[in-house]
């Protein structure tokens, strides 16, 4: 994958996010709500521990036989009448979908929520070929109207409040901006989209769990738009990452429980839709054609390394971002790319290269809040550290653009630090110097400056613990 | 296209083995020692918690319990909510026609899979293959006698569920009935009416799917 | 308000067999240079329970600063130098959940496939965070000699999530009869320290610590206590910078001062 543009400027995004007080308030309120709802679902720590162990095992087992499962998925989908396509990159995937639509003369498609289609920039691509792609999930519909990217993978419009949405609808749809509550705004969207569902030429959706054993595509949602786009139009096209496949139908059950409870604190979503083919035999309705596009987009590279492979266990619940102290303050748009928050910090640089996303791995205090809530136990903090190693040129080179962040100055500083801290005599000399004169360092010294913008300068003690304990006669053995 | 397939599979096969765990403990899902009455109670609690309406009833021929017949509950509810055009599942059309013949103020019974008609009716009446106690979910199994749209596009969905068809969890429903060897084109679990909280996390019922879900719970256990 | 998940099931840690009469102290580099009093108080708390404390003078740092900054080679160099200093099979007590977590959780990973792997794993298994050790191993009972006071407690992320501590520090504070602990609204949220994160992403870190300070001040406590000098340096620096009246102290110092 070539670097078509300048690296993503995470810092500018952070700056914008931090200083937008409305945005921060919107995120804080939303994340507090999501955290509280999730916590209520996992009040029994025993159940949580056992269920997430099961979730992790199922995902790891599936990944351990991924190529076999993909072939089995293809075979069983094909037997069910689903046409399976494979795409290595965005251009291939978009071309596949365009061909399906153009061959059938389709000019309008309705879409269910799909993060993979965001990776493809599918709406813009289809628009460029004269095909109207309309988002049908309420949150996605809102941000499509606003011309924005999702700021959250489950709640795409959570950065906007109802006043902002009412103004947006007034501007784009001509409705009244006044006195619109969430219910009224929802009713407006329902009205606008109903006719689109009825007449669209095709529906496009993502997939939560593709099942190899049965050739089944499981989709979960609350609004009914996912069922609409996969049921009413004559053609259904599903897109999904190759990593998502699970082996057996029963594997869906613990993952479903973990996903809905982690994501929105629901025991289950309103709809769990299991699609195993286009209408067949005497079926009375349902699409005449179902297509499944399996996309790679860099995932096979992430898969190549057994440690980074754990990133692919993700079931896209967003609990990591809901609990992230950085995400809640900077907002989803700061991250660029499709996946924000902790999972985005490890996934985006792996899919798109460390050179394009140089600040992602370091933008974490490694507080482990994400690790604690991940329902499939992805060691996100360990992965961030691994990416830092790769960026500095101290990894295995498995990650795209490894070594792109190597800095001679930093390397030299760490080498000097290591030499000092691994040699007792050197450390004794250095600590004596720091306790004696360290406080004379000006607050404007290079690294101190960032620290002292909001904090007092740390003060070195007059005497180190080493010396103090020696004087106290504490044993040195 | 076939190149993409070959390239992806080749790259995946070239990767070294990763983490895996050969065995899992499923007891966290499996162990449920709920009586049928427990399951009925839990089903109701969970379904009602997401705004489904659950009404106990019996089959018209069943006089063993002091509960109303489902068709009379249905007629009353339709009258109360202004349902004039009711699309129904094929197996229910004839019995309902027979039960309602001669009774005044019954909604029109519409037997169709036509998209535009379904978009225009007031309510859709379906069967349910089963229910899931733990989450208050209906298991819908549309197919040759029941269009998929019947439970989706009308603004109200009414479903008949027999208490004898309740399962503790989805896992039990799936494994005890061997779903994996007989998946139809579409299976849908429905838990409450359609909803969203995409705007400020405010819960709103009735987005693209039905705004109202009535479960006629036929006590036959 | 619930802002975090319930704690995971407590991590099962086998307790040392037999009475503990001798421990190592790993002082940590931050305590060594910035807050030696916390190390001294740790020694006194342990000695009072009849435990002999050994402080190998050759020690320096667990290697975490480099480890978290993409420099595992340098982290290994420093960590490797510590290994031979703690070879006796006795507990290693650390007045820091973060450094404890580094050794317990990350040394096995850092030394995977290295000649020192077995030794690193053995040390990792013997590491105890101070409050964890006082509560579970020594089962201390504390007698409060101080005047009535309200404090608040800041949980370190690594103590909670890497060392698996749940409420050990608060159980110790709960033994002090004149001390009231006013909880933070968001006790489980990071203070924004994160080592080099505070410098690399200074703006985000600043926003985090500003919120933490507001939370602390909102409790009405006179003092914020913590068990990690990294967090405390961050929090106290920010409190002082804004001219707050709230003081800060390491748990070891606070416990010792009130019970000596």
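As written, the chain order gives the labels A, B and C, with residue 1 at the start of each chain.
Here is the rule we use: contacts are C-beta pairs under 8 Å (C-beta built on N, C-alpha and C of every residue); 3 or more make two chains touch, one makes a residue touch a chain.
Keep in mind that what you see is a predicted model, and the values were worked out from it rather than measured.
Ranked by how far their CA centres sit from the centre of subunit C, the chains are topped by B. Chain A has its Cα centroid nearest to the centroid of all protein Cα atoms in the structure.
Chain centres here are Cα means. That of subunit A falls 32 Å from that of subunit C. A separation of 53 Å divides the Cα centre of subunit B from that of subunit C.
Listing the residues of subunit A that touch subunit C in their complex gives 14-15, 18, 32, 35-36, 38-40, 42-43, 45-46, 48-49, 323, 325-326, 329-330, 359, 361-369, 371-373, 382, 385, 388-392, 394, 405, 410-411, 414-415, 417-419, 421-424, 427, 431, 434-435, 438, 447, 450-461, 463-466, 468-470, 472, 474-477. Listing the residues of subunit C that touch subunit A in their complex gives 1-9, 25, 27, 29, 31-37, 39-40, 43, 52-58, 60-61, 63, 65-75, 77-78, 80-81, 88, 109, 157-158, 161-162, 188-190, 192-210, 233-234, 236-238, 240-241.
By the touch criterion given at the top, residues 26, 29-30, 33-34, 47, 50-51, 53-54, 56-58, 60-61, 63-64, 66-67, 70-71, 80, 85-88, 92, 96, 136-139, 142, 155-158, 160-162, 165, 181-183, 185-187, 189-190, 193-194, 197-198, 213-216, 222-225, 227-228, 231-232, 242, 248-250, 253-254, 256-257, 264, 267-286, 294, 296, 300-301, 303-306, 309-310 of subunit A touch subunit B in their complex. For subunit B in complex with subunit A, the touching residues are 1-2, 4-5, 7-9, 11-29, 46, 50, 113, 115-116, 119, 134-135, 137, 142-149, 152-153, 169-171, 174-175, 179-180, 183-202, 204, 206-210.
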